[in-house]
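In the two complexes below, chain A is the common chain; its partner is chain B in one and chain C in the other.
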Partner chain A sequence: MKQIDTKQVGTKQVGTKQVGTKQVIIVIRHSPFNTSRNAEGLRMSVGLTLKNDVVSVVFLGDGVYHASTRLNPKLIGAHICDQEFEMFNMLGCGLFADEIALERAGIAESELRDGVKGISASEIADMLAAADVVIPF
Partner chain B sequence: MSILHIIRNRNDGIALDTIRLQSESDGNGDVGVLLIHDAVLDIADGIASVFPTGVKLHALSADCDARGISQVDEACVYACVDYDAMLELVFKYDRVITW
Partner chain C sequence: MKLGILLTTDPTHENTNTVLNLSQTAREAGIDVAIFLMHNGVYNLTHSLFMELANAGVEISLCAHNAGQRGVGKVDKVLFGSQYDLAQIVHECDRFLSF
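Now for the complex of A and B:
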């Protein structure tokens, strides 16, 4: 395992080694239809969990449709990403959706996929400001 | 902690809202914006007025020139930067978010 400078911000104790961790946030902000962008973003997020970084996914704007259980993208041949969401929950990744965007999309809290939590836009802005890496898709 | 937001597309509401909220929130330090690609076209729409005072707004001069934006309103835009200055900005800020 790579030794990382312990002075680095965001270190955590793993076993007996100090390993640098980064707070990585993936932003999904497009509707899951007509694009494989979201599926790629979620797939990459799963890949990022292979390191010791803390990975979270934030759904903004039309991206909140991807956090809904009402979707059936299979009907138009789009990726559904069930496996990715299952992995996120198994690995304890944070999944967050913008409350205002959810309201705009008419998605109730009860219709969100397992593990997705609705939070305010200002909370999301603070999360993004505090993250080491933000990757919008 | 200073943050530079690089905006590439026009009318990127999500990016603009995030920048506005971050700049209004205490403790987020310097918030800067660099407009590149088609986002420079937002200058004509008065993008500067969207941000609270204190947000440092920049635009990439090559992208402005390519899109015929020759008269960047210096009262609104903090600085028109070339590629070298763009790199300096990227290294100057602690965090960079590319939208």
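Now for the complex of A and C:
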């Protein structure tokens, strides 16, 4: 299993975060199908960068489907989140997906959207513990 | 001390009662409370007790985009704002809870 620095959230380090900024993590945990909740959660995540806080998004459970390039929301007229993911990468937001959930969903790391990294549950737990604000969506 | 609350579920969900009671108790303890409504949470404006929170000094704001999508009309003492307002609450509060 590959190792990552679990203190890395977004492009900035937890230990050296700028004074006055917060580490904010949004957890996307539901299937993207039959609901606009996930799309709204991602839209909210982009909005949360407006106060220069360090924003990261973690995909858990069925939420990992939203991090996959195999998802084709156009087919069912669902909201397309390409712009949100593009913004996350432009802004340097951290995008992480639970490796176990990815395995259960049959999603290979090569099928993840740009910028999304698969990480272990313990690494996610460490990130959540280090965050100032966690928003499950 | 400032408590920030995000509510994304409609008034039929138990979250509404939790937020109502939590906010009321916090205000009685002298804690500032700011609530942001988004997604189906904007429907909570139709809840009479929710509006009593505004009268008790709770700051209530919502995502105007979501309200427009759902046909929720403007109400006194509630800021029809944007995601920037949520970002501001998250940035300024001492504790933040999401429902």
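One rule holds in what follows: the second predicted complex is superposed on the first by the 118 of 137 C-alpha atoms of A that agree within 3 Å, B and C clash if a C-alpha of one lies under 4 Å from a C-alpha of the other, contacts with A are read in each partner's own complex, and residues count from 1 in each chain.
Simple rule for what comes next: contacts are C-beta pairs under 8 Å (C-beta built on N, C-alpha and C of every residue); 3 or more make two chains touch, one makes a residue touch a chain.
This one's a predicted model, so the numbers in the text were calculated from it and none came from an experiment.
Visitor: Is the arrangement of chain B and chain C around the shared chain A a clash or a fit after superposition?
Guide: These partners fit in the superposed model.
Visitor: Taking the superposition as given, does A:E99 touch the first partner, chain B, the second, chain C, both, or neither?
Guide: A:E99 sits against neither chain B nor chain C.
Visitor: Of the two partner chains, chain B (first) and chain C (second), which one does A:E86 touch, if any: first, second, both, or neither?
Guide: In the superposition, A:E86 touches no partner, neither chain B nor chain C.
Visitor: Answer with first, second, both or neither: which of chain B and chain C does A:E111 touch in the superposed model?
Guide: neither
Visitor: Check the residue A:L50 against both partner chains and state whether it touches chain B (first), chain C (second), both, or neither.
Guide: The second partner, chain C, only.
Visitor: Taking the superposition as given, does A:R29 touch the first partner, chain B, the second, chain C, both, or neither?
Guide: Touch status of A:R29: first partner only.
Visitor: Could you look at A:P136 and tell me whether it touches chain B, chain C, both or neither (first, second, both, neither)?
Guide: In the superposition, A:P136 touches chain B and chain C alike.
Visitor: Look at A:A121 in the shared chain and tell me whether it touches chain B only, chain C only, both, or neither; answer first, second, both or neither.
Guide: Touch partner of A:A121: chain B, not chain C.
Visitor: Just to confirm the geometry: in the superposition, how small does the C-alpha gap between chain B and chain C get, in angstrom?
Guide: Superposed model gives a least chain B-chain C C-alpha distance of 5 Å.
Visitor: Looking at chain A, which of its residues have contacts with both chain B and chain C?
Guide: Chain A residues touching both partners: 134, 136.
Visitor: Which of the residues in chain A come into contact with chain B in the complex?
Guide: Touch list, chain A to chain B: 27, 29, 60-61, 121-122, 124-126, 128-132, 134, 136.
Visitor: Tell me, which parts of chain A touch chain C in their complex?
Guide: The contact residues of chain A facing chain C are 22, 24, 36-37, 40, 43-44, 46-51, 53, 133-137.
Visitor: Touching residues of chain C toward chain A in the complex: what are they?
Guide: Going by the criterion above, the answer is residues 6, 8, 38-39, 66, 82-84, 86-88, 90-91, 96, 98.
Visitor: Which of the residues in chain B end up touching chain A in this complex?
Guide: So the residues of chain B in touch with chain A come to 1, 3, 13-15, 17-18, 21-22, 25, 28, 95, 97-99.
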